[in-house]
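These are the structures in question, set out in turn.
Two complexes are shown next, each including chain A; its partner changes from chain B in the first to chain C in the second.
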Partner chain A sequence: MTLPLELPQMRGRLQRHGLTLPLLLCLAVVAIVTICAIFGSNIAPDSPFTQRLEVGDKPPSAEFLAGTDLLGRDVLSRVIHGARTALVGPIVVAAGAFAIATLLGLLSGYLGGLVDVAIMRWVDFMLALPGPLVAIVVVGVIGGGYWTAVLVLIILFTAPDTRIVRSAVLEQRPLPYIDAARALGISKRRILFVHILPNILPLILAYVVLDFAFALVNLAGLSFLGLGVQPGTPDWGRMLFENRNILFSNPPGLLLPAGMIILTAVSMNLIGDWLFERLTK
Partner chain B sequence: MVRLILERLAVAIPLLLIISLGVFALVHIAPGDPVRALLGTRPSDPATLAALRDKYHLNDPFVVQYGKWLWQVLQGDLGRSINGNRLVWSAIKERAGVTIFLSLIGTAIVLLFGVLLGMAAALRRGTRLDRAMVMFGVFGISSPAFVTGIFLLYFFGVVLGWFPTFGAGRSGFGDRLWHLTLPALALALSVMAIVVKITRASMIEELDRDYVTFARARGLSATRIIFGYVLRNALIPVVTAAGLVVVGLLASAIYVEVTFALPGLGSLTVDAVQKRDIPLIQGTTLVFSCFVVLVNLAIDIVYTLIDPRIRFGKVES
Partner chain C sequence: MSAEISSLTGAEPLLTVRNLSISAAGRAITIGTDLHVGRGETVAIVGESGSGKSLTAKAIVRLLPTGVSATGSVSYDGVDLATLPERAMRAMRGRRISMLLQDPFTMMNPLMKCGAHIEEMLRFNPAYRRRAALKAEVVRRLVEVGITDPDVAERMPFQLSGGMCQRVAIAAALARDPELLIADEPSTALDVTTQAEIIKLLKRVQRARSMSLILITHDLRLAFSTCDRIHVLYAGSLLEVGGAQAVQRDPFHPYTLGLLLSEPPADRRVPKLIAIRGQVPRADLVAERCAFAERCDWARDKCRSAKPALAEAAPGRWTACIRRPEIAAEMQALRAAVIAGSATTVLPLSPTPPMIRVQQAVKTFAGRRGRPVRALKGVSIEVRPGESVGLVGESGSGKTTLGRILVGLETPSDGRVEIAGIEASRFAAMTPADRASVRRTIQMVFQDPYSTLNPRHSVRRSLTEAIRTTGPNALAGAEARVAELLKEVGLPASYAERRPDSLSGGERQRVAIARALSVGPKILVCDEPVSALDVSVQAQILNLFKRLQEELSLSYLFITHDLAVVRQIADRIYVLYLGEIVEEGTTEEIMSRPKHPYTRRLIDSIPH
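What follows is the complex of A and B.
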């Protein structure tokens, strides 16, 4: 009898936090992808590497729920294992870019002067470059695949992120608590990292989540062009590259990884928007 | 006005120089000896190596190499590709048509439907249509063109069979349009979301202004108010974002050309990158980057022309 009484309460509590149904679905998608990334080998029905050349590319059957690719590998298992490269790289990109951007943004926004001019000139230059093309060419020429791609994306993402952090710092700067801290003779470093940083951290967190979505899409794109992960690695972008010729024989081989890229990216974007609303207003 | 154009040029030209330096440095960034990178799969006899060193001035200091290379590029000499030993410039010219056609259709779809849908969402604010547009925006921004392309390819190409699944068509405007409809749609969908979002936001802002109330009070028709007054003002932020749209379109075009197996500049670049054909990569990268910089320059100037507040120097641009 307690259930009907508790449900509206629950709903009220969820709504107070802005947790609408679409958002809960997004959180569920991210949770499932995370579980696949961690426990992939226990969940997947088959090894992602086992080849059955005699089977080849077959449409879904009772044995292979999402069919097989050209080498007879189980598509479903490869998608489940692909969650790992889909999460790890983007997390490193988002965290790395914001770690650098936070430092540069704090310095640029708080110190002003020549430091500010130098950093913002660099940001303007980076933003004037056609980013995706730079990523393709640099990763392609240097080689090194996935981790080179992660590094290049960190550098490309740092520029817009620095601008975001800087404007957040500029908003904090005229506030009385900074004046108070300065009047007390607190060192610049302490003001930056102990006083300003905690105040802009929620905003940074929201943008980290949004960056994750962009990084996921970009890394998948590079893998789709054959420049990201090593050949054979179960990865959603790479699967789109390897399975591009089986759209007729086994559509899920392309549609499943493609769908996962969109689902994960949309979920992270909506969660990022929600965090932004919740944490910055 | 002239001063403004000169100011913008003062930014654009150094930018182009830095980009060209980066493009030139690709030869040296490639792992291993630059000569090996330029040699590719050709046999490495001393005569070829010496010829390559001579052609790329590899015995000179870096700055001199760059200077000589830049001089050649400015004269229209982009060198020869490693694979097939073709003139890079003629390979680019041959492939540019498809990319230009694709981008033009893409831009047309983006501008037409992006602005119309954004307007519709703003005018029907809070309704189901508006919410659908906001949702579409999230999907559009999240899903890259090559992924959208795969779904379009499957539904309209494989399931319904309305459109061809690869290639750019042989000849004639009609055939080409038929082949490029799906790619252009995939291209447009990913970028359109930005235009819808910005148009919606700026329309909503403009609709609340006093001049709208006044125009209503004068008894002007809704169509006249929206198209004659509100839209003109609401489009200014859209023009500002046009740079973003162009870069987005070009980047997506690279991916879309690969998805739909189109013989354009994008797939030429990707092909060159996969085969590490450095001269070809340099050529296509230079062409793409120059285009992006020049379009941004043009947009800056157009932006000034259409907004009288900036033209007469009343607002800091």
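What follows is the complex of A and C.
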């Protein structure tokens, strides 16, 4: 009974935080994907590995809500299980890239001089490389699949992220509060991590979320090319590859994982934009 | 009221603003402002930041930012501007009413040549359809604003100095020969000597064209020296209106009196400035009472129960103070007492060794295209214990560079710097013990109160960070020390929990001073510490500096462009011009008998 009374209040509170309906939907998508990644085996109606060749390539039915693939595996269960690789890899990439980039960016922006030159020339070099191609070649030659891909992406993503952190540091550096800290004789390390870092952290957080979205798409792409996860692993990119021939016999087999990749990436992008708006003002 | 003013000034009415109220998002910014400008009249709107003076001007020409709306009537030469269609209004702007803004650099299009700004305004006139005629007119217009070099028209805005840009902007604003020019702080962003020139130019042009001028400014002295009539705006309410000389002689409103007394006088030194306590309130919070009641010593209950209307108190004089008849005598007595009590005290120079000794300091920066720029060309100064020394100069004089060298933020290219007997020209090359000792001796207070504090740190955190540097066991007593420091700078202890964004400019500057004091320094280098503050707050901070000097026997090096400020605080003055000391001496000597032409120019530029 209290609901109609509370609703306008709640709407007011949501709007104050800039939480519009599309954004709430994005948050819901990310929440669902996260739940699937953690509790996948409890939620999924079936095992993602059980093959039933006799019911292979069937459209949606009461038994298999999203139909089956060529080997008769339940598509819905595979998509739910696939949330794990879709989430873990990108999180590691985004966090790893920004951990390194924050350190390099702080040093480069604050110390300047030779340190800055060295780091920035390395960044220029990395940016000159065709990223996806490097990933394909490295993973293809070295092997190791998913985790090699994650490592390569961390290194590739670190370069542009370093630039972002560095420019944020350069913005803070000439401000009088930094001068005041220097005049007081506060150590460089303390100025970097206690005085500057908290001021650029909002920006970093917003970019971490954006990195996540890019990493998700990149990893799915590598999996599609067979350079990511092991064959058989439930993974959205891998499913696109495996199910590309059953688009017409069982459309959800292809469209569901594809839709999940797009939805998750777009959601994270929009959440990143929102975070950026909120945290940097 | 407007009708009465027109009958009194005798001037033909050009602009009449009645009951103009501006609000944004339901919050009042100004409340019922009246304004009247006769033909050929110069009127000032004086107010501190947040008084609504700029928005009042923008409301007149209907250029309010989105989300800000205005009610009330604006009648210009018989035309109601409030209801005029946008098309007709556009024809009005520039052609009949023109506007001049504060910052000459952002006001001009950086991609357009200076001449093009004026051409743009002249293009409507068929007389200048021919290119040669247009060019010739641009040159003629530039001459009117004192630019005799025709090449200026071909230059880009960034190639010109601030003063030159402002002259071009004035020429552009005048290009369509408006009857009314609204100048919003036209000189504030410029150097002192340039400021005086620009104001003189505006005044000259106004007289030559018998144009009306509305000057919007925070500087009461400037308004008195330039304008016929003064409107004092405070927190969105008009508090006093009257002839410039009459108001200057005998202000009717306690706020105007407070402003007059809190402005540091340039011609003498007072032991303590009469500061207005507190800070400017938000207009919407004082909609139903006297806007100044909170800070007024004469306020009674009746001042707070209803908003006093602007009422005529004497012929040609209006005040919003309802207690004016009762307190007039007291106000006059206070003013007389302040003027009489202006004894100059010059401390005798102590023969002790100097705290700061700079010898032949040179600083060279890498300029554009690697060409070296010499910011300091062999500067020598001394500051003795307990002494306050003013370092006066305009932007580009190198005064800030010298201050930064003293606290180790810059390293001089050449020369010697000694702080309390320790050689400190190269902080990096000093022993850690010496460096720590110098840092505990000399600290700096910066100009911009809005970025001087770490926005992510609470006041407590900012102060604790500073206390931490004093020694390994310093954090043990930090809590008590924070409270003590806040008390020293006149802030309540509860402020320790506050973040910088919930503090006013004056409060931030107090915290910044507390931070500098936390290491127990003997010398403070103050780089324009009050120039970014409102006039009424400036006096509070200057008084704080004076009190701290007595209590803690500090030495000050006061870096400023403002001679009035330096007169109040400094015993001796160094005048710095293009990286060289051109004159030095006691404050009295320099202010009353300046020898160097540059010093004379600086002193002449103070509005009288």
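Following the convention adopted for this analysis, the second predicted complex is superposed on the first by the 278 of 281 C-alpha atoms of A that agree within 3 Å, B and C clash if a C-alpha of one lies under 4 Å from a C-alpha of the other, contacts with A are read in each partner's own complex, and residues count from 1 in each chain.
The definition used in the following text is that a residue touches a chain if its C-beta (ideal position, glycine included) is under 8 Å from a C-beta of that chain, and two chains touch if they have at least 3 such contacts.
It should be emphasised that the depicted structure is a prediction, and the values quoted were computed from it without experimental measurement.
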Looking at the overlay on chain A, is there a clash between chain B and chain C, or do the two fit? fit
Which partner does A:131 reach: the first (chain B), the second (chain C), both, or neither? first
Give one of first, second, both or neither to describe whether A:195 is in contact with chain B, with chain C, with both, or with none. second
Per residue count on chain A, the busier partner among chain B and chain C is B
Quick one: classify A:269 as touching chain B (first), chain C (second), both or neither. first
Vertex at chain A, arms to chain B and chain C: angle between C-alpha centres to the nearest 10°? 90
Once the structures are superposed on A, label A:254 by its partner contacts, choosing first (chain B), second (chain C), both or neither. first
Taking the superposition on A as described, I'd like to know which of chain B and chain C A:179 touches: first, second, both or neither. second
Just to be sure I read the superposition right, which of the two partners does A:119 touch: chain B = first, chain C = second, or both, or neither? neither
Going by the contact rule set out at the top, does A:140 touch chain B (first), chain C (second), both, or neither? first
In whole Å, how close do chain B and chain C get at the C-alpha level once superposed? 7
Footprint intersection on chain A (chain B / chain C) at none
Contact set on chain A toward chain C in their complex: 175-177, 179-186, 190, 194-195, 198-199
Which positions of chain B touch chain A when the two form their complex? 15, 18-19, 26, 29-31, 138-139, 141-144, 146-147, 150-151, 153-154, 157-158, 165, 247, 250-251, 254-255, 258-259, 269-270, 273-274, 276, 278, 281, 285, 288-289, 292-293, 296
So, in the complex, the side of chain A touching chain B is made of residues 125, 128-133, 136-138, 140-143, 213, 217, 220-221, 224-227, 240, 244, 247-248, 251, 254-255, 258, 261-262, 265-266, 268-270, 273
Residue numbers on chain C that touch chain A, as the complex places them: 404, 407-409, 435-436, 439, 443-444, 446-448, 451-457, 465-466, 468-469, 512, 515-516, 519
